[in-house]
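Consider the two complexes below, in which subunit A is the common component and subunit B and subunit C are the respective partners.
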Partner chain A sequence: MLRSYVILAWRILGRRPFFTFVSLFGISLTLVVLMLATAFLDHAFGARAPEVNTDRMLGVFQIELIGEQSQYRGEAGYSVLAPLRDIDLAEEVSVGTVPRAAVTFVDGQKVSLAMRWVDGEFFRVFQYEFLEGGPFTDQDDAEARPVAVINHETRRRVFGDEEAIDGSIEIDGRTFRVVGVVENVPAFRPASFADVWVPISTSKTDAYLEGLYGSFQGFFVAPNRDRMPALREEILTRLAEVDVSTEEDYDRLHANVETTFDALARELLSVPSEGGSSPGMAMRWLILGLALLFMALPSLNLINLNMSRILERASEIGVRKSFGASSRTLVTQFVIENILLTLIGGVVGLVLATLALHLVSGTALVSYAELGLNPTIFTWGILITLAFGLLSGAYPAWRMSRLHPRQALAESGS
Partner chain B sequence: MIAHALKLVWNRKRQNALVLLELVGAFLILFALLVAVLGAWQRFSVPIGFDPEDVWVLTARSGRAPAPGENGERLLTALREHPAVQSAGMMQMGLYTTAGMNTGWYDDNGELHRAEVVSAGPNIDHVLGLDIVDGRWFEAEDQQAGESRVVVDRAFAETIFEADSPVIGEPFRLGDRDENFRVIGLVEHYRKGGELTQNRPVFFRPMWPDEDLQRGWFNLAVAVQPGAPPEVEEALVRRLRAEYPDWSFDISRVEEQRTQHLEQGATPLIAAGVVALFLLFMVGLGLTGVLWQNVSRRTREIGLRRAQGATAAAVRWQIVVELMVLAVIGVLLGGVFAAQLPLLGLLSMRLDVGLQAFLAAAATLLGLTVLCGLYPSWLASRVAPAQALHHQ
Partner chain C sequence: MIRLEHVSKVYRTDRIETQALDAVNLTIADGEMVSVMGPSGCGKSTLLSIMGLLDEPSDGRVTLDGRTIERYDDRQLAQLRNRTLGFVFQSFHLIPDLSVLDNVEIPLLYRRMPARERRQAATAALERGGLASRLHHFPAQLSGGQQQRVAIARAIVGEPKVLLADEPTGNLDSHMGDEVMSILEALNADGTTVVMVTHDPRMAERTERTLRLFDGRQVH
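And then the complex of A and B:
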């Protein structure tokens, strides 16, 4: 049965090349756009190196100091986060700064660098792919050794073909010894992106030790996902104990302890920091809604085309109905035909998407983004295609199946 | 004829409803794209009020609370010694950044106004090539003036003073705040965020390089000789480091920041534009297909009209007008939807931009439908009465 449907569908596709082309064009290009978006989202939010722990990691990305007159919102000071290192519920705890602009000069040319001051645990929380050498350790941080981990791009720009490990790099007038080179991390991964990582203790002054605000973030890895709520509670309790009285303008400290995805969603959607809603959830719904909205127009287009084509086949339907074919059989046949069509479009779309991803990765649209097809994206592509086939095939099929044989046969004349 | 077309459209309402839905969707996409593009264009066409060419900005950061005696004067003097530096000045915020100081106040009518406060020192007018239309920029004598002297932009002057009244030398207050200001200069525009940011009222407060710092960081702007080589960047940074060894200094070329700002603003628009064009192209092809099918099904009806003496042109028109009636209904429905967005406050857009976008989207969609109708209507016009009879 299925075989004859497929053969029939194939014949019909060849009958009116214009219609087939329009359908395939719509399906494949819609798929290309959706796959590009999926690839980008996967690149930005998926669990991939170095953020392999994202699904069980909590962070204190920003804090708020709240007073009657004033309000501070920004990164925390070292003294707020450092005491949290002894929280037992967490497997790993790391404290480090957000990337800050720094410069180095190579043969008189300026090279701008995003630089993070981090502790040794940072490289256990984030599993960077080391291309050469390795991370620096807690010991390096404790003894303020001027060592640095750099990314591949910085290695290329500063050292070129020369040996980078144990080479020296002068940043902001201080010389660091390179101990490791890691794979580039794109800039839209705000928790882990940087060009250079150096120990916190190598700061030019020890002024960072004081004050409630600074440029530090805390990262806490739970042993598993089930322990995350307990860990969050513990961190919040400890943060509530922070003494705010040293700052005269502020009465209390508030912070969100959340995943990187929630933090990013909060930022993008401007969700107020004090409120029960989950920005991550809102973000997921928003993305899903946008995808559906985007698919709506191509689907409508396909439905309209399909509706037009049904009438072209009125005689066939009339004959089959007269000979006792049930509505269900006809609906099944038509939906299968449509799924076949969308699958062909899907294959074309996948090929085009691969090419497009290749092109986008080649341009410097986003620093260090290397987008590519992977099993996740491929699966999503197939699922999207099937959804498309069902969505655009079901309604016309239902309409078709309801054609009265007499009417259908009468239509066939014209 | 239009009434007739309306009747024909109504007779086939079931199929037309879906086509209509598609047209509304296409209109909304066009409208959203045009709002974004026209809004960006409208912001882009307002001058930024400074000249980014051959201006470099050095960001100085101590990374801690300011210590007494630390100020920008030493750094400015050091910079001016370099032969490539033509002029140098100090300012709190850099250029092409959205970070800034804002202030809000209520006027006598209880209406809330907002303005951006820019702290900048003497010479900045030369460095940035500010367009001072009246009065003057800050000079050393203002430091001991004993009053708060400010330079304002046109938009700010218009929110504070009556139209056509003098601005220079006039005092003002912000709502019921205690501080008294006096205007000493007027600039036409100043949009430090760059070409693609919203234009909003600005006033400048003086910043004195020889006073102790308020914060642990500030910016130094220098105008350099045209085509100054990259080595100068390194020389300037090293020179500053020699003055304050435990500070960090970053240097950037404002022209590069400008390019980056425009690229970042244009990239999402271009991506959205490509996607929207693809959708419209697809809708166009789809409509052509639907119409084509429609015409071939209506051979009898068309043949009958020809037999009764309708000209080929009249038949062509009928097909196109039928689709255009649908498109007009689609535009009107879409317009009703689109009007909800600003009403609900979901989309912050200027009314004139919204209207322009509406008209442009409507014109584009109608043009698209005419284009889609061309081939099918030509097919229809070739139907000969004999063919119709033959069909029978």
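And then the complex of A and C:
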């Protein structure tokens, strides 16, 4: 029976080339946009190097200092986060700055860089793919050795075809020895993105050691997901013990201890720092809602097209019912036809999405974005296509199956 | 056997109520060949639809093959139509996107018969109607008479006990009409009960019995 449905669906698609074109265009265009969005989300939030621990990692990305007259919201000072390194519940703890603008010169040409000052544990929290050499260590940080890890793009721009390991790179007037080269990390991975990483202790001055605010973030890896709530509680307890009396304008410190996804969601959705709601969950619902809305519009259009197409087939509906098709059988037939149509649209969409991803990766739209089809995106593409087929096929099929056989035959001119 | 007891049918819209059938009582025995005649709008097609379980009576009782059709759900009605009844329509109602063979296979699809057996049965039904050379043609490639013969092949491929034909010769010239009528007679001779709605007294004369309707009522 399935073979018969597929053959019939194929012939009907060929019989109505304009309808088929409009349907396929809508489906494939929608799929291209959704797959681009999926690729971006996967690239930004998926568990991939260097952020392989995201599902069990918590961070203190920003703090709030609250006083009667003043309020500060931003990254923490080193002195707030450094004492948290001895938290036993965490498998790894790292402290580092957010990326800051820096410059180097190559053959007299200025090269802008994003630079992070991090401790040695940073490279255990974030599992960078080392193409050459390796990370610097806690010992390098403790002894303020001027060493640097650079990304592949910086290696290419600064060293070209020459050897990079043990080579020198002068940044903001200070010379560092390159100990490692890592794969580029896209800019929409705010926790791990940078061009250059150097030890915290190589800062020009010791001023970073003082004060409650600065440009530092803390990263904490739990042994497993189940331990994350306890770890969060422990970090919050320790943060509550921070002495804020050193800053006379403030009398209280508040911080959110959350995943990278929650932190980004909080920023994007402007969720108040002390709100009880989960910004990550809100973000997931928002993404799902937008995806459904985006799918709903062409689906409604397809429903309309399908309704008129099905009404043209009233005779067939009448005949099939007369000869023994139940309403359920007819719904199945029409949904299969629609899924076949959407699958063809899906294949076209997948091809177009691959081209679009390749094009986006080739532009400098997002630094170091290497978007491409992978099994996750492909699976999502197929699931989206099937959902699309069901969404746009089920209602017309149900309406059609309710047609009374006598009425269906009469409408088609018995 | 088909039995209608006190069957009425009323069609209602917001403003109008139309009495299509009014207290019809009739019995059609197994193996009979019966024609139904009457002026346009007298309820002939409605009567055929009710006999064929394509429509429900507003009142009265329908018995088909010993079963009283009350409280049958959609699936049970579909199954009963598939096993017991065959339909021939005035405008053939062949599916234009399917080949002749695929059209004839339709009733067997709903019996979940294996593909090979379906092909064999459909081919045999078409051969019986003299269409062996047209198996892979599409309906649009056939004459009206040939299309009606395909429709008859589709109606009999499942070997139904009852064949219901709604003006089967209405869209055909007299030669083709005679041809189709001969096929129906042959089927009846083989034991199939045939109920045929017609406007043509010449065709009605060829049946064993004629039921006459006027304004939804049976007249004698």
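Assume the second predicted complex is superposed on the first by the 412 of 414 C-alpha atoms of A that agree within 3 Å, B and C clash if a C-alpha of one lies under 4 Å from a C-alpha of the other, contacts with A are read in each partner's own complex, and residues count from 1 in each chain.
Rule of thumb we're sticking to: a contact is a pair of C-beta atoms (placed from the backbone, for glycine too) under 8 Å apart; a residue touches a chain by one contact, two chains touch by 3 or more.
Being a predicted model, the structure only gives us computed values, none of them experimental.
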- Once the two structures are overlaid on subunit A, check if subunit B and subunit C clash or fit side by side. fit
- Would you check which partner chain A:272 touches, where first means subunit B only, second means subunit C only, and both and neither mean what they say? neither
- Query: Is A:375 in contact with subunit B, with subunit C, with both, or with neither (first, second, both, neither)?
  - Reply: neither
- Report the partner of subunit A that touches more of its residues: subunit B or subunit C. B
- Message: Taking the superposition on A as described, I'd like to know which of subunit B and subunit C A:17 touches: first, second, both or neither.
- Response: neither
- Can A:315 be said to touch subunit B (first), subunit C (second), both, or neither? second
- Task: Look at the superposition and give the distance in whole angstrom between the closest pair of CA atoms, one from subunit B and one from subunit C.
- Result: 12
- Set intersection of subunit A contacts, subunit C complex versus subunit B complex: 413-414
- Message: Applying the document's contact rule, which stretches of subunit C touch subunit A when the two form their complex?
- Response: 45, 49, 52, 54-55, 74-75, 78-79, 81-83, 85, 87, 89-91, 93-98, 102, 105-107, 109-112, 115, 154, 158, 166
- Note on the structure: In their shared complex, subunit B is touched by residues of subunit A numbered 18-19, 22, 25-26, 29-30, 33, 101-103, 105, 108-110, 112, 172-173, 203-205, 207-208, 211, 294, 296-298, 300-305, 307-309, 311-312, 365, 413-414
- Query: In their shared complex, at which residues does subunit A touch subunit C?
  - Reply: 1, 3-4, 7-8, 11-12, 15, 315-316, 318-329, 404-406, 409, 412-414
- Within their complex, state which residues of subunit B touch subunit A. 15, 18-19, 21-22, 25-26, 29, 59, 63-65, 229-231, 233-234, 237-238, 241, 245-252, 267, 275, 278-279, 282-283, 285-290, 292-294, 297-300, 391-392
